[in-house]
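These are the structures, in structure tokens.
Two complexes follow with chain A in common, the first pairing it with chain B and the second with chain C.
Coming up: the complex of A and B.
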């Protein structure tokens, strides 16, 4: 299982939004600072915090908090 | 808030991208760090470096504000006076055109080129950089940092000792040499060696293909952190002056063991382990001396035991004469350091203390908080690393004066001991056979003049820190920038004085700046400089000369300078002084020979 607090903390650090503002449906559509550059920054931060290596496809599919959690759990399972 | 931010940065561990992102946001809110505007021109997505540059700069007390030009827009930004670059008004411009981005075939298909083609490409690359640097320098006073070319990350041939790879590496080295020559010709232009990044963490550990192919980012997050450190360290070195002196302990610092107990044959100092660790450290200390750092000793020992080692131990690379000041006795080390500071005439904040004993380091930290104390690791094999990582001795240029500085201080000691034998001060000075040379600033001397202006604190009437660009403007506007060098029977001191003169109204001149390096104070050289100023200005038909004195914490020594030379005070605060050139003269001492370098 993914540590939900840790996940929100990383997103909050990288995107510069408070933890309270982050929920499962948070995505580039409703968080203004989540642009393409911060998306790359987020991918790098997730790789480093959760000690995983993500493929370009994984990285591109991580388009909401819910999807990030699913993909991370999937990668960690393997 | 600034102090808190700084404390937090030095006490919390920051080593992941997420930590850096959070810390850089906190720094952006801080108000009291000193701001530096940095413009980054690059051939890739350099924005990802932002948190790393910001956090690493803040550790040294600076707040970086960065403007990233769109990638590959070098010429557009530099040649257009209304570009984002000039609107941003940068203090620093970073230029990084990766050769992998501009010449993909050169890096991946090197073998296909003939020698003539290679020569042509090399000329193209260097010409392009020359045009960019000249264009930038003509429009902006910003300091320029160019990042040079690194070895290929991807080639058709991965066998590193193959002739193709070897000639490709030589080719890159030659490009880098030309680039360095180019930037040395410009004022305030510095080069970062890009290869450093790969040397630190390995060429193969630098890249994340996903980042490169998806986002044009040529390095992974650990390489980004490392590159942020390299860039910030260079920026910090531009804004700070290197420490002037290192004060060293002896036992378990310059050799293993305790000389008073182990004796000359028992201490560890040799070509075998563990003696070779200390011998190597001694060689590195001599390397600092070569770059102009003064060496001093603060040790609790019997002085004769120590001198025995210097004279008789064949593996002791350091000799007594390499040290500019020696304090060996049983008094506390804080007072030793104070004595060294007085003897060498340098302030405590320009001194670094290196001692293996935590007790001595704590004592010095508490007694003399402005002295820079290196946290010396327990294992002597890590001494060198600690010395390097302290950054206290980082310098971007080494001048001729730097190379001979330690020798000059040694000559000064010989002079002082001669002084003890002399009858009177006048006799002593006569015996020194002083020769003073005075000339106008030119391309060769301007770097040294700028250096003296930036670091002279004591014998400095106005402490104005003019840059070489300011000096060029003063000369263009009709002012005079003079240098003074002096030699005596013990050796040549090089350029040690500066005077800047400007005409404020018709036939009225002002001494905007006047300074002398502290090592030549007390020989009436200042009187000679003033007398020469008067003569030079009479040649310009000047009638009145004003002197300006701006008091600081450190320049008390010159508070009466103009009064002693018969200038009249013109204001209550005694800041401006006047000399009527038609009525008064400055009397020169007759034992100094004066040469005009016209």
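Coming up: the complex of A and C.
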């Protein structure tokens, strides 16, 4: 299981939004600072925080907080 | 054009009355006193007024346009040689005879002769007439006429298929669940009688038929293995003995969709899909097109997949190959059968959550939803609605398309 608090903290730090504002449906659609540039920073932060290596496809598919969690769970399981 | 033969003729009599001549003078402003003043005419040696020669051509115009060849005719050319004057009160007879016909140019050449009551020829000439054709509907005026939005009856027809000219019957394969079930329910809502096909799950098919009947619709369950010719023949007999017709065939049956690494795919894996999609479609067309041709109306709709647009997803070689083969068949049937009034189309939804797609990981579904510009997956009901649109009587001009239900350009 992914530590939900840890996930939200990473996102909050990289994207500059408060933890309370982050939920499963958070995505580039509703977080203004989540653009293609900050997405790379987010992916790098997730890799170092959760100690995983993500493929370029995985990184591209992280289109929402829910998807980030699903992908991290899959990668950690393998 | 085929109904006009060399030597065919048509004749009609007219009385050139005082009233006709005066009306013509008024309309054309040709008040030459030789036409309208009897004393003047006498002073020039005629017992009565001389009628305008063009009045004879006016009657000729009426005959060409209304009787022979009749409505739709275009008068292209005319030679006129007046031989004798026609006096007010004379009875004339106009005789048209076909002297030549060109079926390629669709032009008739007619001789024109006009006789007076003493059987003296007063005029002779040659007409050339173009026969125009209805470019809107070659086969079925009732079905394919364009919607007239100024008529409220027609705009109702556009809004709802419930006013189809005929009680339409639709067969939906793979209708015991998922997209097939949604299509059956939608078509029933739109006023179709529906045959609900399933391969094994008779219980579900019965349940759906019962629920449609209890909400006022007309439905029967029909069990058949779509890859078996004899099963399809039996199913067809059941439908025809119940309703006497089958206007629409929708082929949505599918095995469960299972991703497999392409290097592990065997030809037999592809055949599993190919048999249901392609063989099933061919057998359905074999069995149902004959009555559609007789009725000059039919709709074949094959379920495709958004996976056949552009780059396919990984691990779906067997499925994608079989759907692509079905698309090839769809295009050919569309090209070859549309002149019978039968349209053939494919409808290709993106990933839909049904029992067929339980093997596809949740993550893939979530990604698909987030990649959609409307940020959700397509539902079976979305697809059913657009299938129903293609089934309607008014959709006779949509043929050979692969309609993407993808929420984005493909």
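To be clear about the criterion, the second predicted complex is superposed on the first by the 78 of 78 C-alpha atoms of A that agree within 3 Å, B and C clash if a C-alpha of one lies under 4 Å from a C-alpha of the other, contacts with A are read in each partner's own complex, and residues count from 1 in each chain.
Assume a residue touches a chain if its C-beta (ideal position, glycine included) is under 8 Å from a C-beta of that chain, and two chains touch if they have at least 3 such contacts.
What you see is a predicted model; the values in this text were computed from it and never measured.
In the model built by aligning both structures on chain A, chain B fits alongside chain C without clashing.
Of the two partner chains placed by the overlay, only chain B lies in contact with A:9; chain C stays clear of it.
Once chain A of one complex is fitted onto chain A of the other, the partner contacts of A:29 are limited to chain C, with no touch recorded for chain B.
Touched residues of chain A, counted separately for chain B and chain C, are more numerous for B. In the superposed model, A:66 lies in contact with chain C only, and not with chain B.
Of the two partner chains, chain C is the only one that A:74 touches; chain B does not reach it. Of the two partner chains placed by the overlay, only chain B lies in contact with A:56; chain C stays clear of it. Taking the Cα centre of chain A as vertex, the centres of chain B and chain C in the superposed model span 130°, given to the nearest 10. In the composite built from the two structures, the nearest CA pair linking chain B and chain C is 18 Å apart. Shared contact residues of chain A with chain B and chain C: none.
Of all the residues in chain A, the ones that touch chain B in their complex are 9-10, 13-14, 16, 36-37, 40-41, 44-45, 47-49, 54-56, 59-60. Residues 362-363, 366-367, 370-371, 375 of chain C are the ones touching chain A in the complex.
Chain A meets chain C in the complex at residues 27, 29, 61, 63-64, 66-67, 70-71, 74. Those residues of chain B that touch chain A in the complex are listed here as 16-19, 21-22, 25, 45, 47-48, 210-211, 213-215, 217, 220-221.
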